[in-house]
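Note that the chains take the letters A, B, C and D in the order they are written out, and that residue 1 is the start of every chain.
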């Protein structure tokens, strides 16, 4: 497969700028680049999700032209999105069948056999009748891979497939990908931020920066070399010293708490958070972190047990009560949950800080201006939030956090940020001196910033009191449910 | 500038289309649209009595519409406004029938009770939504029918006239409950006029300058985010229902005091639904309410005369009103599309 | 030619073509237009809270008066209170409220009169027709709302039915089931009253094979017609208008109807002559010929559904009735003791007759009828 | 079973037919992710137009056809405004429900209370002879059998055909549907129009069969709202929808029968169907069904959950733009 002079613009942003590259069959190719470099855009163009503004795609020596993902698949190109694009309400079998061509009636029997055969070939365990919404991310990825293989793709694109799956699952995925490349002579394109993954799997790497192809490297190589290619300079990871003094008071205390929602059950939590402590939560999506954090903030009422904030029993109280006691929650949803897309920065500030009946808009405006400067937000007080870039939205969200909070409960505070911005955000957070509970899909981040770590697996919790005693790969195993 | 012209053009286009279709319908029934227009115009503006009829529709319609601006701002489809008006009317009627006091006390009491009744009925829709997850559209529709039956229950049951009821009316209210008119020509009530104008201004200002207004908007745009930004969303939602219900209740009180001086079945008379149309038409901008409401009130007043003299059914007014709102919504969409394209090019 | 023209207003509670009450009044207006030179009717149909909730009687009347109306008929007890108020507002216009009793009670201003027809007579006949036809001995009566008028009218039908069941059909009055179901208003309003179609079906499902109407509309005729086509042996008796049977003539036993024009014509002639005075009028049919449209305000039109032999029996009953009424003007046929009210209180002892005023204000249904009295 | 009871059940099945057809139509529309809120008004307009057409042409077929076209046309306006013009579906649907009801009253004036053709009764030869069941289900007119067939067909179409997969996918996750090659907006047009046409047929089922004729106070007014609620109660599944419709109609009938047996003000009894509507929605939305499910043995729970699923199609009421 060959790309020739691909261009793509979104308004001012030149997301793909004259990209030409050749991919060979039988190889796994890594696509690297910082946030917003244009990786996903390029992959979507290849897979037919978006048209390029100009440029050509050649397959087997001929230019091809397709308009939608279905076309791309018929040309043998399939893409696995980071959040697999499947239909939660469908069963595994229906998801597998949907998109295949055939007569009006479904032939469930043959399709089932085909599905089971493919599962066996790759050692996947997928029950054809389970609704997809009940599968883990890893299983949904497996299903997508099998589905695309069932459709006969020759080029498989994976956009950040390793966020949200455990070390063991990752290993299995990588083995599968290797086999596909070697045994079936497929082309695998892997988009990732994780240099270790790329090093472990790929035969070749290309790097994008600001929409342009800036480098190309054959394996094996070193991490340092890759970093330099990506960022132009090397970034030192910071090891953080624990700030935790003995005898600091407990600010949040959970006793015998039982949490429950639809599928997940966390039977018994006994947990306390000390002033100034930073606790990292690791685990796959849907393992219980979200439930736990929301319970800490009073957004979910426990089935049983008591929750104390600064010694005060707040069990069953509203988020508002927790808020007043200094517990602040910020969700990872940003525009869905956290910010309001078409309200301005000033209005956000006013909501948070103007508690009087009549709003003093001048004061709110001035305060917004100050926060914008402090948090280095690229935007004006009267801009609606949706006009900001993702990174700037995250900065606004952090800028809205009050200075004197007792405890900050932060869901993926650096989601979608590049390493540089993430570090800056952490600097800001740590100067607040609040206790912090945060979750992250990035184990490095967990290891770097946490005084204690809690690993979640299917509603079970494992507390690691001293992060220095474990390695990232240990964490990876815990996440997979291997608690021993 | 160009965008403004396009919008103006499309809005006029929508109006012309709505009027054109209505004219066509009129012709289908062998009438001349011009005749109908003249008859309707006289029905609304011929003299003080006719004009008063317009004002007497305008008052409840504006009150209900301004209430709906509040709920729409909070992202709520308060289709139950009709029922809130009815319960307001029922509560006001109790005072009108049984609370013996001089006019200066009795009339404000009627209004206050109307407001309280409407507020509680609005709160019920809010609680159904918040506590039991019943969408306000369905809760509202059901509560409307229930309210209508409650009114009939009182009319044909506990409050029926002593000589036995026709299920049509309670006995007339006490003389003290008769609304004073401005003059023999201008047969509307000053107090209600002032309340209505006051409500427009108050709601407009509250929405723009108070924390309550800001929280309403936040909840309306994204309730979950608003909660995390420190808004007590349930309270805000409930308050929106209650304020809207209270205004609807006052509108209901006006209906029974002004139009009937007794309680009647469905005292709200579809004005609540018309108010929903008003608010959809102006995309929830409070300052426009009085003007649009006036236009629609004039259409209703005119339609009674059209029916009496030309035997064209009053539903013609509803058809015209519905057509106007529909075409304007659709033509706005067309204009959006056109101006959006402009941006891309 | 202006002084030749005489404008009168007609306010209808339902549509002018409801095959029922309102149509009967509308036709009464047409009758007047036809027979009095220069008479012109203005009318406003469907003035009721369901169809025109935004319009009040005052709105309509003031439009009529603007156009020069000199007599205004408000043709429902629904307008009783409002007519009284409006009449005071326009003292120079004559108002006639149909079925009200303001004059009787003494609350009417001098320009307000009441008129009502003695529909109880055709009702007795209708009850008899039902009893002659029923095979199951179960007669359903779909009533509107509960008040004195609807009680006395449904009770008349019951008396006719009971009498004929025993004396002409050879049954035992004890076995006759006569059940009244009130829908809640003069005509069905969706979501507010019971549905007349569903209620008619419910009657037939339960084995009632004749359903009589006390409401303004004629759904029961349609339902009976549908069921006859499905092979069931069921019938209906509508009410109000001569056209009541039209929807399904073969399933219709006949209709007690009004011919309001007779009364309206004489009222307008009196007003024109300046002799009209406020009064309460309960007009009797023309016993010489109840179905004479020139003279009788009310009558009973036979339907195609009534068998010939039953029609003959019915005629015998009518003869009996007419003979009685010719002798007695102060009561109705069959309204003689012993009669008890539903709760057992005595309405009339053996040998007593019930006076017209007591019938007018009948406080309960009669003993033997099923259904709510209030 | 007593004759009266069997007769009553027969009447209930007949009387519920329009509700079933309308609810299934709306289920199809909502499964594709579009809300047609105009039901109450569209049914009235279609009922009036269907009766008028049948009356004029003396053909019930033409009447039904015209009614279906009216329903489809109203639905098309909603689809067009929502898809092409990005209008709020609920707002457009609401305006249309008011407008169509007024149009029905205005245009229907000449057709009030006149006799017209009706869909003839046609007992199914052998089936109608089955004791009890035959009389209840197979002694009706064609519209009733059509409603049975419609439920079966829509169920089969949704869950056993490739097109059905696309239909459901479009309402659940349009992005994913697009990725699988489904033309999302085209599908939405098609199913909104089909659903609308069925709503129209439901109108004809009223005016040509169940509540034959056209009246000043249209007796089906309000049923459109009930149909919308039944779709929710039915969890967007044809079988549960028809069950919900029958349950509702049966309860309504019981309420009517109560009048003669209980001592309770009649008008307040008339509120019971609406209270019932609120209660059923409360039961579905506040997780009562889910709680009941948990009482079952674990093995059955999953199947039960699938049957009792009451989540709306995930993408209902949303817009879809490529990329």
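Please note the rule applied: a contact is a pair of C-beta atoms (placed from the backbone, for glycine too) under 8 Å apart; a residue touches a chain by one contact, two chains touch by 3 or more.
Note that the structure is predicted; figures quoted are calculated from it, not measured.
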Innermost chain, where centres are averages of C-alpha coordinates: D
Centroid comparison with chain D (C-alpha atoms), farthest chain: A
Approximate Å spacing (C-alpha centroids) for the pair chain C, chain D: 38
Whole-Å separation of chain centres (CA-atom averages), chain B against chain C: 38
Intercentroid distance (Cα basis), chain D paired with chain A, Å: 42
Interchain centroid distance [CA atoms averaged], chain A/chain C, Å: 77
Residue list for chain B, restricted to those that touch at least two other chains: 145, 149, 152, 156
Per-residue multi-chain contacts in chain C, two or more chains: 50-51, 184, 191-192
Sequence positions of chain D contacting 2 or more other chains: 222, 267, 270, 274
Chain-to-chain touches, reported pairwise for every pair that qualifies: A-B, A-D, B-C, B-D, C-D
Interfacial residue positions of chain D with respect to chain C in the complex: 3-4, 7-8, 10-11, 14-15, 112-115, 118, 120-121, 139, 210-213, 215-223, 252-253, 256-257, 259-260, 266-267, 270, 274
Residues of chain C that touch chain B when the two form their complex: 42-44, 49-56, 59-60, 62-64, 67, 76-82, 85, 101, 105, 145-148, 184-185, 191-192
Residues of chain B defined as touching chain C within the complex: 43, 49, 53, 57, 145, 148-149, 152, 156, 161, 163-169, 171-172, 259-262, 264-271, 300, 304-305, 307-309, 311, 314
Chain D-facing residues of chain C, complex: 14-15, 17-19, 46, 50-51, 179, 181-182, 184, 187-199, 201-202, 204-207, 217-219, 222, 226, 229-230, 246-248, 370-372
Residues of chain A touching chain B in the complex: 299, 318-320, 323, 329-331, 333, 335-343, 347-348, 350-352, 354-359, 361, 400
